[in-house]
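Each of the next two complexes has subunit A plus one other chain: subunit B in the first, subunit C in the second.
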Partner chain A sequence: MMLFSRLFRAVVSLWLIVTLVFVALRATGDPILAIFNPDDTTQAAIDAYREQWGYTGTIFQQYLAYVVNVFRGDFGISTMSNRDAFAVVAERLPATLQLVGLSAVVMLVIGVPLGALAALNAGGRLDRLVMAGSTVGFAMPNFVLGLVLILVLSVTFHMLPSNGIGSWQHLVMPVLTIGLAKAAMYMRFVRSAVLDALKLQCVTSARARGLGEFQIFLAHVAPNALLPLVTITPLLVGAMVAAGSVVESVFGWPGVGRLIVDSVAQRDLAVLQVIIMMVAGLMIVTNLLVDLAYVRLDPRTAAAREH
Partner chain B sequence: MSFAVAVRKQGKFVFDMPFVVQISLFFLIACLSLIIILPFLPLPNEGAVDLLARLQPPIGLGGGWGHVLGTDDLGRDILARLISSLRTSLALALGATIISAIIGTTIGILAAHFGGWVDQVVVAAVDAQASVPFIIISLTLTALFGNNLVLFIFILGLFGWERFARLSRAMTMASRGRGYVLAMNTLGFPWRRIYIRHVLPNIASTLLVTATINFPEVILLETSLSFLGLGIQPPMSSLGNMLGFGRSYLLTGWWIAVVPGLAIFLCTLSVSIIGDWARSAIGRS
Partner chain C sequence: MTDKTIIGTRKERVCTVENLGVAISGADLRLVEDISFEIGKGDYFALVGESGSGKSITCHTLMRLLPFKPEIEGRIVIDGADVWSLTPAQLRLFRRRSVGMVFQDPLAALNPVRTIGSQLLETLRLYYPGAGGDELRERAVKALRDVHIPQPEQRLAVYPHQLSGGLNQRVMIALALLGNPKLLIADEPTTALDMSVQAEVLDLIDELRRQADLSVLLVTHDLGIVGDRATHIAVMHKGHMVEQGPAAEVVAAPRADYSKELFAAAAVDWPDRGDTKPREKPLCLSFEGVSKTFYTSAQDRKADIGVPAARDMSFCVRQGEIVALIGESGSGKTTAAKMAMGLIAPDSGEVVLHPSPRNKAARLNVQMVFQHPRDSLDPLMSVGAQLHEVLYVHGWTNSGDRQTHIEKILADVGLGLHVLERRPTFLSGGEAQRVVIARALLLEPDMLIADEPLSAVDVRIQKHILECFQRLRERLDIAILLITHDLRVVFEIADQVVVLRHGEVVEDVPVALFTDGKRQPYTQMLIDAVPGKKSLADADRETQVVSL
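Presenting the complex of A and B:
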């Protein structure tokens, strides 16, 4: 039952996004005029194009044609490259997934231990150091960190290539830029999640029963701290896509993020709508997975929803 | 509450602050003073091109007193450009934060006042806004409507409204049960007067702290978009597009990019530090 209502909500969200994109695209004027110059195009060519892409009939018929096209994976032609918009985005996807995946690893490897240690040592020297690092990391814009890395590692020491894709050396700086920035954010989340878990009664009672601190952490603190961390995962996925648009531009990384910026600059709406729906779909699916994982991780939420 | 009280006895207040907060405050005041006295400084005009003095390094690295922070690829004085960019970026961030505070607070209070389906729509909109990365929305709006200054200010002003809406909604709901609101309502005062004259001053300190959290994020958003060439356009300069242009000269004139980058970093850092401190100061009371 739970699964069904969640799936239903995900489908409704997707449909809302498709509709919003349709409204936004049509609100900015006749799509034909965005592609053709009516002065030097024959009426026959324009009519043929209208017919082909479903720009005929009432706005409701156009909407139906649009939805049908979208579910067929047919998003129109990119005006930048005159190719199928979906194919243009799809070929950029592996590079971005590689970047985001490795950045997530860096974020977890740095963020989880430092955040947890800071919480266990609350108020101590390590805690203050971690919090200070997190504040600095938060205030540092992605593109400034990226440029500093280029200046130090490429311009001064000639260690790494500053631009492009191809070898593992190309990956180091973009991954560090996104990973470190997100680790600074994540440390705070981990710290406050662990701090909250430490206040639970089960921790106090475990301590009274004489369990060692390490055992308490593994058996009682970590499982409880996991719940809020799972909740923020979709937000982090979104944040990484957003960071990608800037960082990929800094390092000339040919991924989806740079494609967003290029298609905005060129006003390539066909490509942009594919990316928006892809990002929205990604967030909706992540949300769905998190909701389902939550029921497994915390049976109380499932029980509460039954009533 | 303690924030308002503390501001009133300012003399003691400044000395009670931690050292980093004092430095941050001092830095921001120094920036603001520089912006104000810019027209009176003995600096070259920020747009004055001097091709004979191209790519001069800052003082101490081989440059002279004529251009304290060096010059860019057209021989323009970096310090003068930095201060005028700082003015653009800080003014945009301040204006945007005020706009989003007004929009968000109004929506939040209306949601708390009417309840029912109005409230549900607002809560749904707040949740939706919080779950989508804002830079994607602003890029989409830029693509749809073309890049212009009015749209750009509108986009920045939209940023963070959901944070103000969520807070003001929760606090207004709480205050609707308080004695003073009930008493004024019983006495027949119109709701508008109760909200503006009585509820708003009571929640203002929390909203102010939220603004100090919003402010650095707006600076980051504005500089990111300008850096990508999709925000402030030349001949206007912001810290972001100054850095974006300086990026091409990393080999021959690294200071062109590093100086505005450092300025962005220090501004966001000092506002964040002050915001964190103000939040914990309110939390303690």
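Presenting the complex of A and C:
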């Protein structure tokens, strides 16, 4: 019952997003005029184009036609490549998922242990070192690290290819660029979550019972620190898709991120709409999963739902 | 391991503290100075004092559980071990075998995301590393049975939030005693619990102490508890131990000035059982068949699954009366107060604020005094500015008039003018609460609603505030609706008592009839649970004063 109502809400929010995107994209400029210079194109040619791409009638009529088509599974034609917009996005998706997935692993592998160690050593030298590193990491714009990596690893030492896709060597630098930047941020979340958990009275009480520090960490600190992290982690992973648009451009990575940049520049609205719906759908699904996970991780929330 | 030194006929010592001093390392801040005491086998040692007196610091120091890096002077020997010279491994063994600790809030002291059973098993595994799952389970069930938890088998799979506070505290006690320690430290073990449960938990600790010849160190601010049960009492004040000795001696004749004052403030005046005066004064507030149910969600509202906070609630408050609204947490006390203030509308029935009998205004002027005085004052504004502000927004434009009025009200609540320039952070708890009362009085209300005004302040200050309420009733003829869970407060000043349970009025009697023994079973249970009640039997019933 709860799942059903959550799914229904998910569909409604997806529909709201589609509507907003549709209106916003059309309100910010005529896509036809982005392709043609009206001064040296005949009105007849422009009208023909409008007819062909479905930019005729009022915005409301266009919207109705679009929604009907979406329900039929037709997301429109990309003006850039003259192909089905969905296919254009779908073929870029694996590259981005690969990038985001590996970056998320880097973020977790670096962020969790360093953040936890910093918290356990709060105020100590290691803590200050980790926090200073983290500040540098998230204060730096995404592409700067990418450029530095290219300069060192490709230009100077010729160790890794600077551009393109194909082998694991191509993956190293973009994954590090996104993963390290997010790890810097994630470390802080982990640190404060662990610090809060360490202050819980149940930790003091476990200590009073003579449990070992390692066991206390695993059995009492970690489960409590996990709760806030479960909420924030998918948000950060979602933000990686956004970070991807810059990093993919720097490394010539043919993913969705670069497609966003190109489509905006070309006002390829059909493709943009598909991407935004896809990202929104992804976020909605992960949020749903987070909520479900939360009920399992925190028995108190399950109780609140029952009553 | 055990210290076998026996001096003369004295029994074995379990805990010896010699000239203990605790300071925060780095900061030049001494929290506790020159504390010495001894706890013998089977002793019930009570450490009493107000908040900030250093009693909690002392008991955390005994187990090396301080939340900061301390500088320690003196020596603590418990069960033969010099606590502060133990290596980390020895310290863990010491905590497992020698001392058990029970905390103030059992819900916080148990891990909220793990079941009771898993926390018991985890601790049991320390003691029986080779034992199989079934054996450990059996031992866990037995541990729960020993602290009288009904249906212990089923409780293992339950999370702390699914149990009541009293049951959680029992689980906590079971956990603390798994290793059969010599000493049980209980840091305010009943402060977070309802009155009727408090006695049960204290009885349990007493029972276990007798059974196992356990020594108990009870840390509390509640002198009622101490008088009933302790064998030894030590009084702490501002980081020093001002007095200690056998309980009977300290209670009968406290020597230090501070303890005299403390015990005098905590004495319960049992209400007179004389004739009751008829209630004739004009009505201020009346509840007429008021009902209110809270729902957590819209679906629950539709399905009519809600928490009834008021069920056909009827009572009244008359001019110049102090009506005490008592009940345990969840009984609907605060809901009633909010409805009287008009902050919540009742589902059915009527809350009537009668026309003001004194000011001839069409509507009664009601003001509220909140539980936490510091939270209800702006920390950044001086007290004077906050009081002026209240009058200013109500049209007092002349600052001279305002000042005269404020000075008059401050005198009413017994505060000096010096508080006006201070910010709330520089006020004591009692001063802050009186400032809040003064602020409520500025607009010359007909009635004050005070929601647990005493629960955040210490015993001595409680006395001052109660005196302040009494003065207001006598001098200004104000009606006061006093919400409290503490029956001793009721005996002290109330005229009429209304007992609430699950949103229903169980009892509505003049305080003089309250202890006549003809009350509802629930009321009787609340009365029996009052700490200090035990000594009533021995006390001189003619004077009807219980001295603790």
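Note that the second predicted complex is superposed on the first by the 262 of 307 C-alpha atoms of A that agree within 3 Å, B and C clash if a C-alpha of one lies under 4 Å from a C-alpha of the other, contacts with A are read in each partner's own complex, and residues count from 1 in each chain.
Going forward, contacts are C-beta pairs under 8 Å (C-beta built on N, C-alpha and C of every residue); 3 or more make two chains touch, one makes a residue touch a chain.
Not measured: the values here are computed from a predicted model.
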| said: For A:Gln62 in the superposed arrangement: first (subunit B), second (subunit C), both or neither? | reply: neither
| task | Considering only the touch criterion stated at the top, classify A:Thr96 as touching first (subunit B), second (subunit C), both, or neither. | result | neither
| field | Of subunit B and subunit C, the chain that contacts the larger number of subunit A residues | value | B
| subunit B versus subunit C as contact partner of A:Ser78, first or second or both or neither | neither
| said: Between subunit B and subunit C, whom does A:Val279 touch in the aligned arrangement: first, second, both, or neither? | reply: first
| query | Thinking of the overlay built on chain A, is A:Pro141 touched by subunit B (first), by subunit C (second), by both, or by neither? | reply | first
| task | Classify the contacts of A:Gly210 with the two partner chains as first (subunit B alone), second (subunit C alone), both, or neither. | result | second
| Which partner does A:Ile260 contact after superposing on A: first (subunit B), second (subunit C), both, neither? | first
| query | Touching A:Thr177, do we find subunit B (first), subunit C (second), both, or neither? | reply | neither
| message | Let me test your reading of the model: by the given contact rule, A:Leu151 touches which partner, first (subunit B), second (subunit C), both or neither? | response | first
| request: Could you please specify the touching residues of subunit B with respect to subunit A in the complex? | output: 130-136, 139-140, 142-146, 216, 220, 223-224, 227-230, 243, 247, 250-251, 254, 257-258, 261-262, 264-265, 268-269, 272-273, 276
| query | Can you list the residues on subunit A that touch subunit C in the complex? | reply | 199-202, 204-212, 215, 219-220, 223-224, 227, 297-300, 303-304, 307
| message | Quick check: in the complex, which residue numbers of subunit A touch subunit B? | response | 24-25, 27-28, 135-136, 138-144, 147-148, 150-151, 155, 234-235, 238-239, 241-242, 245-246, 249-250, 260-261, 263-265, 267-269, 272, 276, 279-280, 283, 287
| message | Can you tell me which positions in subunit C touch subunit A when the two form their complex? | response | 63, 65, 67, 92-97, 99-101, 103, 105, 108-114, 122-123, 126, 159, 161-162, 172, 175-176, 178-179, 296, 300, 305
